[in-house]
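Next up: the structures, one after another.
Note that chain A is present in both complexes that follow, paired respectively with chain B and with chain C.
And then the complex of A and B:
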């Protein structure tokens, strides 16, 4: 690789301009964490006062459980639909075909990704309220939220699976065909094992997207389906900055940053092993 | 005999094509149908509502009309008012300033990272991206704390006489700008970094050998090479910032609405679905125009268009 020779003063000014950006990125998060350890005046010395308060709040516990239920349930279905979509489009689409009809599946898959989440959420709100008004089914709640979540998760899973399949040798599928495997056998015994990392990665991505989503959840939620982000939002909109929300936010920040760093350490070790393998 | 074989071969090919189509619909069909049923159809309904008359409870009623679209431009039954244009203009200005600010912050950071040893780069990039993995509501809430009337920052500004005592830096236009820039900065850094990592430094060297100095060297050798990344970054920042909902509702307050909060209030507070839908049409037109401009520009730049599927 070509050496990068920047002058010392350029390097120093780059550092001087970047350091404040790093500080600014973490300062607000850090501040929340610091405030979360400040107990109310009557409970001095109890550093974890607000955290204990959280654990005793049935609303928070319920919201947390709902978030998990929603994320796991929707990711399972989203991963199944997405995997089949990614596989089907890779394997069975006539790639020589041109025109609108053959571009249609990609257009459909990209719609949830491109659609601004506010438009996404409001579309669902209106759609479900029409259906509910006409049939009495699908009242706003965890089910409608789940349907919306599956809709934005599946395309991402499809993209991950499609990318993985594109990196494989296409002759593999011909070989399984030559060995008299039918489509179902070939899918279950060849495709699924080969794309397993993509399926797991897609599931985790779907899970993260679901847990993290606020806007779409907010517009599809009903009175009894408050998830964690919605709980925080309504508490903040109602009473502004408050210490118990600080504690809850700190827990969420710590979980995300911890998971991110663990994932980094894990993938780095694995790449190291992969790099080291040809040597031994 | 040969004709029979040929026709058999032809029908076999047809059968195979048919089989492929069936398998395509069996595998990809359920997912595609799901997206059509639960997003394509609902958003088409939403856009359609923009052409209905607003009923007494804000719901869509016949006859069909262009009144909601005229309302977006500021014409209501009471005559023209500038309120709407102000909100639309504010959203545009906020989104575009967020674009400019993220570019200004991202360039030094990106070049700081790419000039580090290769082993350190992923971690430095990770530290830029990590905050954006936390929930947007949490991230935005953090700034309410930092900019509130009791915060050190507000006290500082108050003591400088720039702000009346007991007032915070939030809610307001400034807080919204900070929130948007903070939220979308990683979306600028990542594509720019991808472009900068592939940078051909030989060109920079050549420029330096020709005695080009700082800004000219950057403008003529570095900037053109990072332009594709910059364009993707602008798309990833400006479009979502324009339609953002969380930042304007939490940091903007009632006096400084953006199109996102204006649309939402037509469905949540005092309902006027047709008007909300008309605003949505405007927002989607803006989104599509942005994406098309991006496509045209990146095609002209000769950048390989990334098509995954």
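And then the complex of A and C:
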């Protein structure tokens, strides 16, 4: 996308201002990655020494498995719920509402998003222990973490889906009925394909949110449900930042960037396909 | 498509009303239709209207007068707060939009962003499960007619406003329904394409015998295309009639002014077929005029140069040209009459350019009695 053309001096000063920001953003990530490839003096030449070290730690492998299970499971559920939430809020919003009522859908979506995760985590903890105390169900563990993750992911997905729907011409749905589609056909041939990029984007977002979440996971975790971020935290707390943590962190960075690229590749491919598709 | 129950019921109804229905195919009856959004927002106010099968009916009216709302009720997206709508002789109240024999060209186009132009156009046929081969021919034919076949594979986002508008037109017309509702369907087109498509639309409408309800802001377009027009104001249908009637004999000042510039004055009747106007005393065609308003269209006034006026005619008024706006085929003059009253006159530029009048020249205007129209109130 081309912006408005700027003068040379303006461009220079903008660059001067933004450069430090980019450096601060990316230098630490880069540094960790570089450190992770520095083997200890005894193992000269073994670039992947710390990575191999990780693979030999059953604790790390188990935490990794758990994180992946949690992230995939919770984001599948969170996407399903968030999609319905976004669609419902769009479909049943009152277009004539004024003031508070008109802000209600965004309020419902944004409140959990802007809630500090510390507050969110603590309230989940209190909620689960209350339930546990009362019924004996929902002992802290992977399940409670999963529920908490689904809960905080769903509004993000809903936001993406709702934003997509709101950006569309509402007459479009009427047009589908005008062109003989009943409710089912309209949902199948219009709503789903139109919000599909938002659903996939929402899923990938939920996945990245889940895989690196620490705060909420920390409060809802139980014995034996240590995920990667929690493992990293406790390892660092115990013995400071050791080189294998660099490797682990680098792997997580790679996962998140990979997910982002996937999302980008998907949306781009889609557009290209739509452009190239010949007439029916 | 229709669930088995619904289609069975529809067929039964069809069989029951047989030939009568065939006769009313494409007829639209609006009985006392109102739509009230709020106490102070009456979008449509007790509209009564019968649109004949195969008619080209145009709705005219200022922005916000309820045209779109009226179309939306016929299409089934909006429920009237009172009244009945019949399409092709069938009461529409319980008929959902997707079962109505009506297709709409939306004011906002409402194209499907995830489908190509061709797929957009073919959507209705696909939903009706028309065979692929037929779908393809019909889609291609209508796209050629509307000159969008070159963009068949593109996405709506990659089209210009005018191109999108033509896709919206094609998407409705390809279904060849009994009734087409067109909400300002040519507004985004350039003059040349607009004129071409006006002709194509009229031709297609007549050939397929479709009923058109056409909304436009362009009174010229309304006059050119329609069989009849209806003028709306604040939700009410003020006047309905053939183009010529509404233009020549408007029933109110609002209608007169909406269909073009005119000279309008309050008048007092005098005995002997005369009226007292701000221009002076004028003879009119009618014997016993009522108190009210009189109008004459600027193109109905004859203008003569110094000494050129024929002697012995009624309603000859002298004046001075104050302003001349050249408009190509005609020139619009603002004349100040001897008693100071203004008069608007169009004169065809059928003379050499040097023969037209310039500001400051003295002229005589003739207001033929039969061209003065009494509007009543």
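Rule of thumb we're sticking to: the second predicted complex is superposed on the first by the 188 of 280 C-alpha atoms of A that agree within 3 Å, B and C clash if a C-alpha of one lies under 4 Å from a C-alpha of the other, contacts with A are read in each partner's own complex, and residues count from 1 in each chain.
As a convention for this text, a residue touches a chain if its C-beta (ideal position, glycine included) is under 8 Å from a C-beta of that chain, and two chains touch if they have at least 3 such contacts.
Because the structure is predicted, anything quoted here is derived from the model rather than measured.
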Partner chain in contact with A:194 - chain B first, chain C second, else both or neither: second
Touched partner set for A:46, first chain B, second chain C, both or neither: neither
Chain B versus chain C as contact partner of A:163, first or second or both or neither: first
Dominant toucher of chain A (residue count), chain B or chain C: B
First, second, both or neither for A:177, with chain B first and chain C second: second
First, second, both or neither for A:185, with chain B first and chain C second: second
Which of chain B and chain C A:57 touches, first, second, both or neither: neither
Shared chain A surface residues [contacts with chain B and with chain C]: none
In the complex with chain A, residue positions of chain B that touch it: 17, 20-21, 23-24, 26-32, 34-36, 38-43, 45-46, 49, 105, 108-109, 111-115, 122-123, 126-131, 133-139, 141-146, 148, 182, 185, 200-202, 205, 239-240, 243-246, 249-250, 260, 263-264, 267, 273, 276, 280, 283-284, 287, 291, 308-309
Residues on chain A engaged by chain C in the complex (per definition of touch): 96, 168-169, 171-172, 174-182, 185, 189-190, 193-194, 196, 274-280
Residues of chain A touching chain B in the complex: 2-6, 11, 13-15, 17-18, 21-22, 24-29, 31-32, 35, 81-82, 84-85, 87-89, 91-94, 105-106, 108-109, 111-112, 114-120, 122-127, 130, 147-148, 150-151, 154-155, 158-159, 162-163, 183, 208, 212, 214-215, 219, 228-229, 232-233, 236-237, 240-241, 245-246, 249, 252-253, 256-257, 260-261, 264, 268
Complex contacts: residues of chain C adjacent to chain A: 1-3, 37, 75-77, 96-98, 102-104, 106, 108-114, 116-119, 122-124, 126-128, 132, 135-136, 139-140, 152-155, 158, 171-172, 175
